[in-house]
Amino acid sequence: MKKILNKTDAYVDEMLEGFVAAHPEYYRLHGDSGKVIARAEAGKQGKVGIVTGGGSGHLPVFTGYVGTGLLDACAIGDVFASPSAEQMADAIRAADSGAGVLRLYGNYGGDVMNFDMAGELVEFEDITCSTVLLADDVASAPPEEHEKRRGVAGMVYAFKIAGAAAEEGRDLDGVTAAAQKAADACRSIGAALSPCTVPQAGKPTFEIAEDEMEMGMGIHGEPGVWRGKLRQADEIAGEMMDRLLDDMPLTKGDRVSVMVNSLGATPPEELYILYRIVKARLEGLGASIVMPLVGRYATSMEMAGVSFTLCKLDEELETLLQAPCDCAFWRVG
Amino acid sequence: MTLTRDTLLAAIDRIAQAMERDFEMLNAADGALGDGDLGVTMTRGMRAITEMKDDLPADIGMALFQCAQAFTKSSGSSYGTLLATGLMSAAKALRGQENIASSDLAGLIAGARDKMQDRGKAELGGKTVLDSLDFLAKALPGADDKAAAAAQAVDNALEEFRDRPATVGRARIFAEKSVGLDDPGMLAMQSVVKAAVQS
Amino acid sequence: MKKILNKTDAYVDEMLEGFVAAHPEYYRLHGDSGKVIARAEAGKQGKVGIVTGGGSGHLPVFTGYVGTGLLDACAIGDVFASPSAEQMADAIRAADSGAGVLRLYGNYGGDVMNFDMAGELVEFEDITCSTVLLADDVASAPPEEHEKRRGVAGMVYAFKIAGAAAEEGRDLDGVTAAAQKAADACRSIGAALSPCTVPQAGKPTFEIAEDEMEMGMGIHGEPGVWRGKLRQADEIAGEMMDRLLDDMPLTKGDRVSVMVNSLGATPPEELYILYRIVKARLEGLGASIVMPLVGRYATSMEMAGVSFTLCKLDEELETLLQAPCDCAFWRVG
Amino acid sequence: MTLTRDTLLAAIDRIAQAMERDFEMLNAADGALGDGDLGVTMTRGMRAITEMKDDLPADIGMALFQCAQAFTKSSGSSYGTLLATGLMSAAKALRGQENIASSDLAGLIAGARDKMQDRGKAELGGKTVLDSLDFLAKALPGADDKAAAAAQAVDNALEEFRDRPATVGRARIFAEKSVGLDDPGMLAMQSVVKAAVQS
């Protein structure tokens, strides 16, 4: 897959330059690392701050979700690489308005170590931090070891729900609890058809034959649970739903939001074909679908493939999910 | 034999070259079960150090501290963060000195290993870079030829762990598949150590 | 490029089934061809209707832009193929609430013939129709023959502006005039890096080497003005801006909206890298950028590439562009 | 020789087969300067006609009318719409008849050509399917062997226009490049006519 870029080393800086230039009403660069994005207008004083961070190449994840009712700031790494602890500390500073800051991010080694270090740095500045890790990818560890799972598209639900809780004026414990509840309520699985190319590596993250797909693949090309012949849409959707529902059974009367997400190149047309099956499966169980999200919410640049995320809702989560939010990529209410 | 700023500068050059040479190998090793970026991490880190190396002070502790800073700024990958954590540990111990006695090496490496273990919350014996450092720390004290012993230690560590399952990082998700495969972080440490001790 | 689908013949029907299922608050199927989409809630009685139509595979174009302040109905063809005259007539019927209907669509032979036939059909039902053709692709004919040009992403501006004029309560002549003014104010150019595959054809629309790009290529793979080595982002953006500005010079004090659009697979990261240059060029001329649109507004499934559209604004167009609109893919205000 | 519902059914089969055979060729010819879908259009259209052909009435006008309807519903491409327009024109002229005299063919084709010209607003001589029809309409009246004359006429039309520039449809954007290339619509008409007259 070909890319439009200048020097590979400048990819992220130039991307962010264009990003804030295109959406000045939503985003601004904070600090001088050039890699921390904060809301154009800071959240209310005394509001709990929410930060995230992670590698570039997943837009709208991570930094796209900085916005009202969502995140306050984001530290941005190179493509698929964790930002540094110093950048994360800067993001925490940008998000803080005295009520503490929730670190809400995906469970990846580099991010965990660096957010831990960042927390140690800002402790000296009397900023209290809490942590919620997203670990929603069912393909990445069995249920007994669910805390080892990778974080993928489920983070969008966690951003939304935690963001609404913070906007509502809850304290750090309250926002953290809501975020943890959202994180616990999400299950995701992905299927990849083609790789993407990290600009600096210059070649695809993996190789896969023209007639093959991989089930359960990670958003950085981490291996999945099987690789085999490309199947028909209905079969793919069926297996993905099986794997999610095995992990988190749903039954009559349950309320659930579902995301059918393109990993990048896969067009919305194909997502709609898949959504037919997702909807039929959930309704077949007697569950009600709340606010289905079909589109590009968490990507890997030009990777072809999809992910499904289920977010099982109770009344609190449903209210928070449907509360207003606004960023350049997503608006509710 | 003692190590000084000059020894450090020369080692930096050799390690930087080795990383350019091993770029594809490390990406591929990491890509087998992980995200395939270890070559990127190492070349970026060493380029960042190379760029500022002429400004390194004679104080070897300060010099290592600045190297660690440069490396972390270049990326936040697991490996980069762990390496920088290890360098910081050595940097703290060496602050104010202009050279390192070769007899201190084992202790510095053991100290780095422990701090990296705190940071990454992984066990020893988990088939990671920690085990390479552990082998180094244990091989050096009794050895006359420290360079040869170090090179042998990183080889031995790989040998010893090759057929064990990964327990840490992205690769532990595929513990069975990892049996028979070298841990990419241990491979990187092998390249780093061999480049460092060569002369 | 691999696709997720079932039977190729069912692609469009299944896509539309999922589309209305995912967004019932915005869209509904109208009539029984299964290929006409109308607003979930019809526009105000007495409002001028706006219909469009065209091939599938361009989401959000065409049918995604059915919504408040935008279109009333859309006839949907097979992938890259014009819908039939009968479907267009159905769309016109869905859009009519007594004040006449504007047919607003891209200048392609099949669409023109079929919309003409559709107009003849509904004439018997006393529905008055007007027509505005989008012909914004500067690569497809020289300025002297601008009326022969293909319609591409500029249609998004025309939908928005005409939609706002209709929502405001203008009559058919007024809405048609606003749409024509918008159509005349738009210039677009595209550059493709990779083809896409029409499901029924089963192979890519064209072939292009791994290190090549094509400047001026059409959204169905129609040839462009040159094919050559893939260039750096800044050069590509520079040439695209040159070609647009040659065709429609801008000067100090001009107000202009600009769209930097992905043809599908190209991720937003790359669009932001390009936008730096677009912005610098326009501001360098002393023009002011109004509401830049950076994202996926008009695509060709999984084609990699970008298009730029300039829409030069006067006061009327600017007001209409910034009026509220709402559909599943775009919201203003 | 007169043509009846049976002749029509047999011709439909042959044309449908020819379109399957020429699928790639027509897509490729159209793809050279256009959107590469002409093979798709023709196979879809003929499949739609094949599906309903058993229900065609003996009234040859009604039968052609229903064929035109089936074809247009299957796609709205330029070529499909033009073909259907031409069929409708013949259908109107033949309404109420159960057969077509071979002496009427030229007039029916000329009528179709004219209606298609109205619909597509293109000139004769513009290197389109209109020119193939024009050649047909002019070759048939004087010919004894209508089948041979028709096959010759579609070949001649291609021959005559190959080195002229396209002036209509997507291809006219690349008028110079089109010199030396056959018009895809004329190629499709060649296949249709040859399949129709073969027996």
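Going in written order, the chains are labelled A, B, C and D, and every chain counts its residues from 1.
In this section, a residue touches a chain if its C-beta (ideal position, glycine included) is under 8 Å from a C-beta of that chain, and two chains touch if they have at least 3 such contacts.
Worth saying up front: this structure is predicted, and the values here are computed from it rather than measured.
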Intercentroid distance (Cα basis), chain D paired with chain B, Å: 74
Averaged-CA centre spacing for the pair chain C and chain A, given as whole angstrom: 30
Length of the line joining the C-alpha centres of chain A and chain B, rounded to whole Å: 32
Chain A: positions in contact with at least two other chains: none
Pairwise touch network: line, ring, star, complete, or other: line
In contact (per the touch rule at the top): chain pairs: A-B, A-C, C-D
Residues of chain B touching chain A in the complex: 27, 31, 33-37, 39-41, 44, 72-73, 75-82, 85, 119-120, 168-170, 172-174, 177
Residues of chain A defined as touching chain C within the complex: 1-6, 11, 14-19, 21-23, 56-57, 59-60, 193-194, 210-211, 213, 230, 232-234, 236, 260, 264-276, 279, 292, 294, 296, 299, 301-302, 304, 306, 331
Partner chain B, residues of chain A touching it in the complex: 77-78, 80-88, 108-111, 113-114, 116-117, 140-141, 148, 150, 198, 200-201, 205-206, 218, 220-223
